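In the two complexes that follow, chain A is the common piece, with chain B as its partner first and chain C second.
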Partner chain A sequence: MSDIGEARKTLVKRILEGAGIASSSDRRAAFNNSASTGPLAALVDKVARHANRITDQDISAARESGISEDQIFEIVVCAAVGQANRQFNAALAALDGAAGKE
Partner chain B sequence: MRLQILDSGHGFGTKALFALIRTVSRQPVLDVVKVVKYRADFYGKPMSAVTQEAMRGPSTWSIADRELMAALIAKTNQCEFCIKAHSAVAQRAYGHEQRVSELLSDPKNAQVAEPLRATLLMLGKLTREHTVNAEDIRAVLAAGASPQQIADALAVCFSFNVIGRLADAFGFSIPSQEAFDAGAKYLLARGYR
Partner chain C sequence: MTDTTTPRGFDPDTVRKVVSVRAPQPVAWQVFTEKMGVWWPLAFYKIGSANAVDAVIEPHVGGRWYERGDDGSTCQWGSVLAWEPPSRLVLSWDVGADWQYDPNLKTEIEVRFIVDGSDRTRVELEHRHLDRYGAHRDKMRRVFDTEGDWGKLLVAFARAAET
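Up next is the complex of A and B:
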């Protein structure tokens, strides 16, 4: 049966703890969608919750605040993986509950 | 794409690969490929390992079923690029165009086996509302899907909730249907590695 467990852990560890151009704390905040202020907070929240509403302006605003394209790339990846990861973990917990493992 | 680095920031070897792809396929390089190949050590390589396992690893869901799930997740996220890309793969894999469009537009009433229908509806809810509860999962189990099939479907959901967000954030351009068909052929022959 397919098992993404290890590959998913490797991905999360790489983007959060491996070498990057954005700081580790910015990457982690994007992953957790936990920043409430700063130029990236609005973009990160949009990636997590309404990605299809992102516009050219959202990306240019981040760029104009002095953040490099490589940093934006990393932050968007972290925000997307973080949101998908929360959804995945919530559903796995529900599966455990339904299958009587709780 | 909205970030110039993703269009033209690749190294020499990758640019040569893109030129080869354009020559052989006679199609533009899809933006999803450009993102996977940009600083592949950061995102592309580790993510491809996840997606390959979810989409082509051992499962009692067929490859067509999993591509259909990917398309349904994309539809729920209203991600045009991913809807077109994975509808094309699912159609090719099932060999039946109508089935895919019917299932995507009305999974509740389309003709499909109950375990797959219930799974699609659950994945739709998870993607739309960002969570599901034990009752939602029990409905899928009651429809005949096994816990392992549900876990396998959740893996597909993880991958495509990542990729769809990147497609929308980075502004993937929507190429011709021929380009999506060429991509579908590649994904069925070679997978996501």
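Up next is the complex of A and C:
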């Protein structure tokens, strides 16, 4: 089985620091789900924790806050990858725990 | 290291955060005051209806602290109360619990840049007079302290200062 660790690092670096419309600071806030106020933060939290509940209204509310479709797309991708990254890390930690590693 | 810490001692009207930045004091000051638009997550933390593209602190006492939209509009967040480069900055934060500018609110943010060796700076942030939020004080304190808080913003600032 190939080691996907490097591929994951490359993916994360690309979405956080590569070319894009959204600023790097906004992408990191989405990746970490660290904002708390406003419609964009609400959308990011839904992407991370309740993706099955996202509606057109969530997207519309984010758009009405003044940001563009491209920014919303990039921020949603960062939110999704950030959550997947956290789950992946949690799974690795669980495996290490089961194997007796610390 | 960019982890923030919250100093001990609970004061319901004040939020304090500290970050150690791997950058000399003048660089830390410059990044905080002149490049806020680089590290501030403007898509999340803004109050105007336009797409915010920069956050600006006018470099003098009485100067405005504001966001600038891509349409050229500006929305003020507060004012400069003390401007002492490269060691001390005091700003008023005049954004109400409804996330609208209220020039009468006048909560205060003091930021101290303290030399910590030849290439590090300890940055201390204190957001005080939260009692001026009245009935919304506890809610706003939670926002500033534990949710989308100053600590996370300081981490973003430190990351920018270290690159």
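Keep in mind that, in the parts below, the second predicted complex is superposed on the first by the 102 of 102 C-alpha atoms of A that agree within 3 Å, B and C clash if a C-alpha of one lies under 4 Å from a C-alpha of the other, contacts with A are read in each partner's own complex, and residues count from 1 in each chain.
Rule of thumb we're sticking to: a residue touches a chain if its C-beta (ideal position, glycine included) is under 8 Å from a C-beta of that chain, and two chains touch if they have at least 3 such contacts.
What you are looking at is a predicted structure, and each value in this text was computed from that prediction instead of being measured.
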| Joint occupancy of chain A by chain B and chain C, clash or fit | fit
| Between chain B (first) and chain C (second), which does A:91 come into contact with in this model arrangement: first, second, both, or neither? | first
| query | Is A:66 contacted by the first partner chain B, the second partner chain C, both or neither? | reply | second
| message | Residues of chain A touched by chain B versus by chain C: which partner has the larger set? | response | B
| said: If we overlay the two complexes on their shared chain A, which of chain B and chain C does A:40 touch? Say first, second, both or neither. | reply: second
| request: Could you look at A:28 and tell me whether it touches chain B, chain C, both or neither (first, second, both, neither)? | output: second
| note | In degrees, rounded to a multiple of 10, the angle chain B-chain A-chain C between CA centres equals 180
| Where does A:7 make contact in the superposed view: on chain B (first), on chain C (second), on both, or on neither? | first
| note | Shortest distance over all C-alpha pairs of chain B and chain C after overlay on A, integer Å, is 17
| query | Which of the residues in chain A end up touching chain B in this complex? | reply | 1-4, 7-8, 10-11, 14-15, 18, 20, 43, 46-49, 51-52, 54, 56, 59, 69-70, 72-74, 76-77, 79-81, 83-88, 90-92, 94-95, 97-99, 102
| note | The answer for chain A against chain C in the complex is residues 22-23, 25-26, 28-29, 32, 34-38, 40-41, 65-68, 71, 75
| Hey, which residues of chain B end up touching chain A in the complex? | 2-6, 9, 38-39, 41-43, 46-47, 49-50, 53-54, 57-60, 77-79, 126-127, 130-138, 141, 147-148, 150-152, 154-155, 157-159, 161-166, 168-171
| message | Which residues of chain C touch chain A once you look at their complex with the stated criterion? | response | 38-46, 48-52, 69, 99, 143, 147-149, 152, 156, 159-160
